[in-house]
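Working notes, beginning with the structure itself.
First chain written, first letter: the chains are A, B, C, D, E and F, and each begins at residue 1.
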């Protein structure tokens, strides 16, 4: 039977000028929706898992339309709650070669940022789940969001549900009076799987060095926080806005395992590729019995996302396994 | 030489699903910009006047793009100021026949709402102006906006510049601790021209009756506030979302003058038609020497706006005078 | 608690040239999905009911995308089944004024037409339902579809679930060796509510006259088939492809009740308006305690659909009740 | 066997802002092609006739693309010639209700305007033709175009091919040193069928009065120029840019015959409706044996064109006869 | 005088989500038409040859629109026949880098698949032709299609018209009771030119080995079937869905000749590139007197097709010869 | 305070088929505007300079819309003049890899080509300017344009304003009776900065050799024309239509300075990249105190333009300096 994933976080309206137009050239915006955790849930749903996303939208037609996006992409919408009036959103101008993509966020005061722990009954939400996933973006949004996230993790711990956290955060997001160093470690130490980097560990936990060996930082992290069973990292070499290279690495307490490096020579949409990695990791760890295959699956899923427009990875298990097994040809399927 | 108009108010990003699609059907939004006062300024610019709009946008690429919209439509952008981070916006779903258009505002916390009187030097702004126009939306947005508006009116009074106010407001907009009854009369009584209705006078000033004769309320208003020289009203008969009838009326202290009633049988875009009326009135009063022609010009401009997509009236003086003189045929021009 | 509706029938891909372009002008097609019964289910979902649609799609990405359309529009997809390879579809060229819309069907051999009774467990499907609805299109598609439909009706009868049938059919659709006269009466007589016309009764059941009084035919139908409690009719006056008038009528065994006639002067999309009527009727009968309000609700829902692009009626209960109570103004909602 | 029509004239690129946008709002143009005579040929081809259009395009990819438009719409392209560099074009801004459509021509110096009589062998072009049609636009373009037109008419006369001329012209087009009064009568008097109006006769031939009875002017025209067998007129009542009424009238030397007046309440595209009338007249006179049916066919074809986007009438004989026989309902065809 | 090519085969409607969207993201489809043999004919027409395509479409507006596509792209439509009701179609989701393009066919029961030999008079069709071309797709569609193809080849043989066959087929297409091994050799042995590969020869004729030298298989094929004068092969190296390398090879019974390998680093549309190769080969063999130039022309034509959207190669002889002569710069032409 | 640039030249409507479609596939054109000198002005405005462009447009809605494009992109429109009727335009078909972009000009007889020296008061135009820039396209258009350009340069010389000329021209443009050798040197020798190449110097001035060292030709040019202080060159290696390499070089009379070579691997729009180089050079020379930084800034600006759709470079100073300082990663900006 299909495994079930629960995710929690804000979903934003994403508004982009068509093609490679700049903001100053737009007379329309393409509309999709995205948010780190929902991206993971949807990607897992396309891989055949059951998935539900917990979030809060404004109580109007825009909030309903956002929910409809989740439903369309196979998520259960039963745990979406509504209230207040503002939809979080981000504007994306797509770059190419040397020209960077630019993102403008408008999420302060959003319905999600006003979420409170009392609004969610985590025991109910998680009752038939196999996995809970969160990211370091959510606790940065507001104290309420951070507290909900902590509740979720603790409830999952209690219920024996695997917890993964993609813990990297952006310090300039933290505006409600707490720092990421105060909050993230508390959440991360209750995870079974942590996705981060040497720099992430250094920033959040204050040990290791940003430039140091990932394996050492990961080993230390697991020593200090024994619930953590695997520390996972995705490295990206940014040759240009149109050409990246991706590799996945996993430290499982015993071995340091790496995937092949994949070469994405013609990027279509770079947003959400980290989430595609996380979803591939979740699927891989649930469906393969060795970390080598799991990390290869995660990396292949991540690479494929670079060619899918929008925030979410809409590819199939067949697409991922074919690439993971070395077929980089993208040969037409009839 | 062309007369110069100054307007003041918020300009919002307007996001609409294409055609008659509902919000739940949108995969893109058409992007234009609008705001009552800027709509008036642009419409006057298309009628050949000089016009500048005073507003405040977020200090990012979206704010710049909004300014570019004003510039493209012939406004001077020298009095646009930048600061903070959020762009006011509204979402518009276009209705037809019995189905209403629906508007969702997201303007709380916008860059404009955070404007303060110290940010604008009205003597400089108004130095070569002939006319200042404001609407009852602006003082509803925030105390800062209301104070700026009062400053502007008083400065214009001092400098001998004609002031017009389209004073109707929506009580559900007033959230910063003042009511429209506290603020609007103070602004309105310093105007030379007031656009309102019996109901508006009753709501704002507390006299007359909503259902009573407009002429009597207007007479009383002018008696109490002798700076007001003309009270103007636009009546709209809403047969369906696709078919309206429009008539303009003016009380000038002596005569009660009415335009023909115009019949707009196939509405393209109903938003901004009141602003088109105001712009036609300003142009008409400046360019005709009798109120009959001025009100006919205003009404014809208003009618034509119903056939122009977007918030602003892009028609020419020729278009308006042709209709004002009775040619309702819309016969093709080669 | 929300009432639950189950519907059964084919859902087709609908491909239309943009705007009013003719087939010979198309370089793209707009893509939505539609089918009489699913249209009813979705419309009821927008009115706040729970709804699930039972259908069969090809087992490929196109079949999945069709399911995603149902999910997006709030239907449960748990009873969608997959098999075979062809998606039913129809091409729609939209007409105006004197120019008719043209429809080309390609549904022979579709996945749905190959459905067999063994593929559906109706007791499971209907287990928490309040209402089952079918139309005369479904039994015309194939013998398998007709048999599934009969199974559904009989199971619903057994389980005490209300059954409504919109029994009109097109004789040129019946190609599998049965005539509509052989099949439709068997299905119709097990319904609680029948939507038809004098002509429908005459064609299907062989009594009454096409031009005769509806009331008499309905009375006779109920006399012969006592399970039928209400016979309902929608009359349409087709002034042009752009202007229709609609009225609903109901014979409940005692009274002959009519709604107001509604005048749709600027049609946006005429397809699915009969389905909107049926959905309004189902909602109305479930939520009002008199037939006058039910038929008024149905007629108002039908009228509103003429202004919504696509096959399905996406309006809210508020939209319908407002029109039903006489507000035909379509005045903008802010 | 299908009758064959030959037409001669300029075909222009038509560039229009999408929907009802004004020129100042366009960020793209919709591209079709049109020209009075080619419009007639294409419309006749859709009615099942054979048709070829004689014209001249620039010798580049734009000229080729224009030819491809003619081929796509069933015309023979064997008599298209190429030379010089500029494509004639017109820009169309579509109006509505009281707002006029606006047309800007750019055709001076076009490849067609540089045509010379030596470029066309009319005996070859007309060798299996049944009908030749021209309009008063062509001789206005250049002396070369006028001379080609005269050659064509005279050759057709010699070969016994019916000639029709839609002789109205716009005096502001005549810039090459001749007036329309000098040229048009010479062309018109060699026609079998003339489409014009009292005003046209008065302007071109100098007799009758613009406001006088059409029948009398037509009678006089036929008396003076006995080759002319029928004089035909289309009257248009322009209620607004969105609503016209159309009626056809024919004086055949004996009777003055009128069609029904048709009421086009929701105009989609008004351009080319006169050409649709001419094509309906040609088809009608060739396929019916009485003028009443011919003029009714012509008027119905004209009415239908108002609902077809672009310059050309893409409707079928069935569409026209159905309307001509009184079915104004535009009821959907499945 | 221009050489004339006749081709025979199905033309399908091609429906694709815009850009790189996946099927699950589409709310519209871009519409073009394609089919291996018609692709060859159109490409040859753009190279300046005369070309007609023989096919069968449904007898409705969709079939007419498909014919209009052929006419627009310079083909003669005189040998298109109409009957039955279904248009063959394929859905194309465009891939990139590691993500494969996906194709879903819906062609069973199409109007073309119901074609019968009695419907085509090949002597008439081929009467002024210089070349007949077919592919291994056509005989796979239905027995009727295979028989028509055989008739065409034999008639061409009799009339002294060169025959080329691109004989590769997909075994999963053969569903009417024959295998490709039973049919293809019978057709191929009557060809003058065969396009295939070692693997094709092995699969169809049962000799040689898939991995063996092409030259040896080709030599053996020509020995067994002496009408075959040249055996031609295109090799493709699929680096990713966005980057291919192409080389052409020809065995003419004496020499084994190869083109340069061309490197297509940014693929726009990979579909129809094999047909572009075939059309380049036909043109090359007809217009050059040595096989080296012919194969270079074919390979350059093939390479250029990768940059043209749609199924057909719309480039000019100048484009091809420029690349063939080594100018890979794609420098802008003014 | 921001430096002010004045430019002079034709601005054309640019019409392109969407994406990579060929002219024969277009059913719409994307509309932007461009012209070498205005491109420079706009690019400088985006870099923060003040800029005004002097040009002449037709006196109609198309000319107004072109002005609106300039205003939108931050230019002052006070020196735009209107007259005559034709808008210059060019059609652009975008190529890829080996397929060249194709440009078709239609500018003969344009409003700009009819410009006369008396129409511009250069002393007024240049009164607060810091820099005047022209290109070799302008004097090729007409004698009037050449004379205006000479006037501008001489006036600038007199007023002490720096003059730069991008002097390359296309000999096939010169049709009014003068050759570029007669006119360009006269203009160029009055410049402070000349952008050209060895080949340009050889063609225009008749010394040096096309293949020879740039440094020597530049030295000789400065020797002969001592006002010229710097001779600048941009070299482009055209690997394919999708991949170019760019390098800037400057001879300042003392040193021969080169930028890094930049590698643009995925070109979005190649048009206007030379103008982006010129604008970067102007900005660089005004804002840096050494030629190395100026030429690096120019080259980086040029490289970035290849990724911006349209004719003009819309990037910011930050974008340019970041690339100039070696960050080629195009990493996303949040």
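Criterion: a contact is a pair of C-beta atoms (placed from the backbone, for glycine too) under 8 Å apart; a residue touches a chain by one contact, two chains touch by 3 or more.
Quantities reported herein were computed from a predicted structural model and do not represent experimental measurements.
> Of the pairs A-E and D-E, which shows more C-beta pairs in contact?
A-E
> Interface overlap for chain C and chain D, more than half of numbers shared or less than half: same or different?
different
> Which integer distance in Å separates the CA centroid of chain E from that of chain F?
45
> Could you work out how far the Cα centre of chain A sits from that of chain D, in whole Å?
62
> If you look at chain E, which of its residues touch at least two other chains?
In chain E, 22, 24, 27, 68, 72-73, 102, 266 touch at least two other chains.
> Under the touch definition given earlier, write down the residues of chain D that touch chain B in their complex.
Touch residues, chain D against chain B: 19-22, 24-25, 95-103, 105, 170, 238-243, 266, 270-271.
> Can you list the chain F residues touching chain B in their complex?
Contacts found on chain F: 68-69, 71-74.
> Any idea which chain D residues touch chain F in the complex?
For this pair, the touching residues of chain D are 15, 22-24, 26-32, 60-62, 64-65, 68, 85-87, 91, 93, 102, 104, 106, 108-109.
> Can you list the residues on chain F that touch chain A in the complex?
Within the complex, chain F touches chain A at residues 72-73, 262, 264-268, 300, 303-304, 306-310, 314-315, 319, 322-323, 328-334.
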